[in-house]
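A, B, C and D are the chain letters, set down in written order, and residue numbers restart from 1 in every chain.
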Amino acid sequence: MNTRRDLIKQGALLAGLLAGVLPLQAGAAEALAKSAFDAKTLDELYKALGLGKPVESKEVQLSAPDIAENGAVVPVTIASGAANVVRMLVLVEKNPSVLTASFDVSPAVEAAFQTRVKMGQTSNLYAVAITADKKVLFAQKEVKVTLGGCGG
Amino acid sequence: MADPMRIRAQALNGNVVVKVLMQHEMETGQRKDANGKTIPAWHITDVSASLNGTPVFSAQWGPAVSKNPFLQFTIKGGKAGDKVSVQWVDNLGNKRVDEATVV
Amino acid sequence: MSKTALAIAGVMAGVIALIGAPALAQKSTSDGIAEYRAMLADGNPAELFEAKGEELWKTPRGPKGASLERCDLGKGAGVVKGAFVELPRYFGDTGRVQDLESRLLSCMETLQGFDAKAIAATPFGKGEQTNLEALVAYISAESRGMKFNLPQTHTAEKLMYAAGKKIFYFRGGPYDFACATCHGEDGKRIRLQDLPALYKNPGDAVGFASWPAYRVSSGELWGMQRRLNDCYRQQRFPYPGYASDATIALATYMGVNSKGAVSSAPALKR
Amino acid sequence: MKTVHLISAAAGLAIVAGCATQAMGPSEAEATAAADAMIKSSFREQGIAKLDRLEQDAVQKACSSDKPPTADVSAKIEAEQMATVKWPTNGQYLGDWKEGEKLAQNGRGMTWTDPAGAKSGGNCYNCHQISKAEISFGTIGPSLYQYGRLRGVSDPASAQSEPIVKYTWGKIYNAKAYSACSNMPRFGHVGVLDEDQIRDIMALLLDPKSPVNAE
């Protein structure tokens, strides 16, 4: 299906994006401050990342189950259609550390990721998209963590 | 040495969808063993991927990513036959790199 | 221009595919749990164990430095495909009805020179037991999608089934529990977990036809031996020996009852 | 060594059985004998779970089949079990429903991984719906939501409430007194729960202030 010409065009497009718009990965946003993983609250986290006030946005999508049969594995899908997203975060409000995972959004990947996280208890889950001009957009959802099995 | 990852890289609508399973304990450092001693943290901190040798993806993880982590991301462009390689590094300095061919 | 538009459409399609349909406002608890399981269906970490098990099967190991490739799982030496859905079965060389785990122990002893009794006495998740878990993941995966069809021709197989039924209904311990207490009726739950009725065929990929499985609660791969062991722990019984006759009899009972059920092993469980 | 010996004994039994009943499979007696031998050979003690847990009493023996015992046998068992029920020594049936809720949630105790002397939980939510707030409940037993309200218990200490209060105590203490082969453990009779714990669970079910009975 793909002709050589298409591929060259696509490759050139990609290279152009990489070279022109944003330097790759770590450079895109500055490297994630490692102290971010020590943040106990959402406020602490945004402070550690030097970010302003987050805004709930329809440009961020978060998919997670309403109920988790086991808090050890909660599937989470995040995505954003906002312009110039450079980083996406998965946060669990009531975990000992709120930041669970950070994904660099280089021009070579879509701003859409799926992973699985641990939740110690029923909590709000956040998907956060950070743009090149430091806008902080988020979506949230409560996930109920249930007691399973025989409880023994 | 850590066991190999399972990487599936599939060409779809001009993109490559990559699904990865990694074998790792992802110990939080918050749990205690039967004798009440804290089990030290041991988890993946950095994940990165490249397409045909060119870096395309990176992520930083804390200990709350689930044990034996699953990750899915989508590389723009790419085609069947391309090589996707994925690497992880953990907080103890262990490393694992595996490669898959896009189908 | 059109290329760009197409690329954007592609991106959006990808995003929508990742996110899935919007959640309905009103959902029952069981719908919620079903949704949770569906989200985990793709990317079962059991795959990691399958890969390790295949490697182990083919690797020369043990005092005799042999692989397991000549192990007879019931369909002839070295035949893995389809073997799992016909176990437990009678083996002439050992004179026993054996399940997958006990048969693997026999092969590890005779072919590789391992001490089967020492491995059976090793706690779950330690030493050679972790290798056994990987092996059962690999071997069961080679029968994924096939239907259970345990042989019931040999007298010993029939006796195992009949004894297994007795053991299934055997009540004991401080709580008076039998297997049948939880698995004797349709449509029951313990907490939020569905309990398959195991005195009959509970259906494709349910009950016996869904083990071995990756347990998300512990991040481990459990074979039927470990599943039964933890059932007996929760029943407040004493400790069933690994690959002991009572466990094999129960597996025979459940396996024969599951005749025709499609195996989804290794599955993914809470 | 012991295991190997017993396994070959079972295999030997199989061969003997085979001579007599090739087509039909083993007789009832042969199956029972084989199962008994396997239960003896297959289990070992671990932690607090000793082998005496395999010694069945009359209830367990009568209820270990896919068929229920006859009405006569059931009636006899129920009468015997009723005689074991110890009513509260201080005449007080209800304790603290908040403690009762904790016990109902707690499924621990009596397994080979539990320490000796540890108090057990009530395991209630494993099998029953109880308070509305807990969505993770089992369905092996009936729903107990609104337990007291549905039975018209507005004052558990009243004479009017006495029959249902006593029934509930007896049921928790020894469920087999009311249904010979009930799936429910005999919590008081076997000492899984002590008197105070039963009082707290009673309060969870019967105290009008308990969330179980909330309007």
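Just so we're on the same page, a residue touches a chain if its C-beta (ideal position, glycine included) is under 8 Å from a C-beta of that chain, and two chains touch if they have at least 3 such contacts.
Just so it is clear, the model here is predicted, and its values are computed rather than measured.
For the pairs C-D and B-C, the larger set of C-beta contacts lies at C-D.
Taking each chain's centre as the mean of its C-alpha atoms, chain B lies 26 Å from chain C. Computed centre separation for the pair chain A/chain C is 35 angstrom, with centres defined by C-alpha atoms. Here the CA centre of chain A is 48 Å from the CA centre of chain D. Residue positions of chain D touching 2 or more other chains: 111, 125-126, 135-136. Contacts with at least two other chains are made by residues 67, 72-73, 75, 77, 110, 112, 114, 116, 144, 146-148, 150-152 of chain A. Counting partner chains per residue, chain C shows two or more touched chains at residues 11, 14, 18, 29, 190-192, 216, 219, 233-234. Chain contacts in this assembly follow no simple pattern; the graph is neither a line, a ring, a star nor complete.
Interchain contacts (touch definition given at top) occur between A-B, A-C, A-D, B-C, C-D.
Those residues of chain D that touch chain C in the complex are listed here as 3, 6-8, 10-11, 13-15, 17-18, 22, 25-26, 30-32, 34-35, 38-39, 41-46, 49-51, 53-56, 59-60, 63-66, 110-113, 125-127, 135-140, 176, 183, 185-186, 190-192.
Put simply, chain A touches chain B in their complex at residues 2, 7, 10-11, 13-14, 24-26, 32, 37, 72-75, 77, 92, 95-97, 99-104, 106-110, 112-119. On the chain C side of its complex with chain B, the touching residues are 6-7, 10-11, 13-14, 18, 42-43, 45, 47-48, 51-52, 214, 216, 219.
The part of chain B that touches chain C in the complex is made up of residues 3-4, 6, 12-15, 17, 19, 21, 23, 25, 66-68, 70, 72, 74, 76.
Chain B meets chain A in the complex at residues 14-15, 26, 28, 30, 48, 51, 54-67, 69-77, 79.
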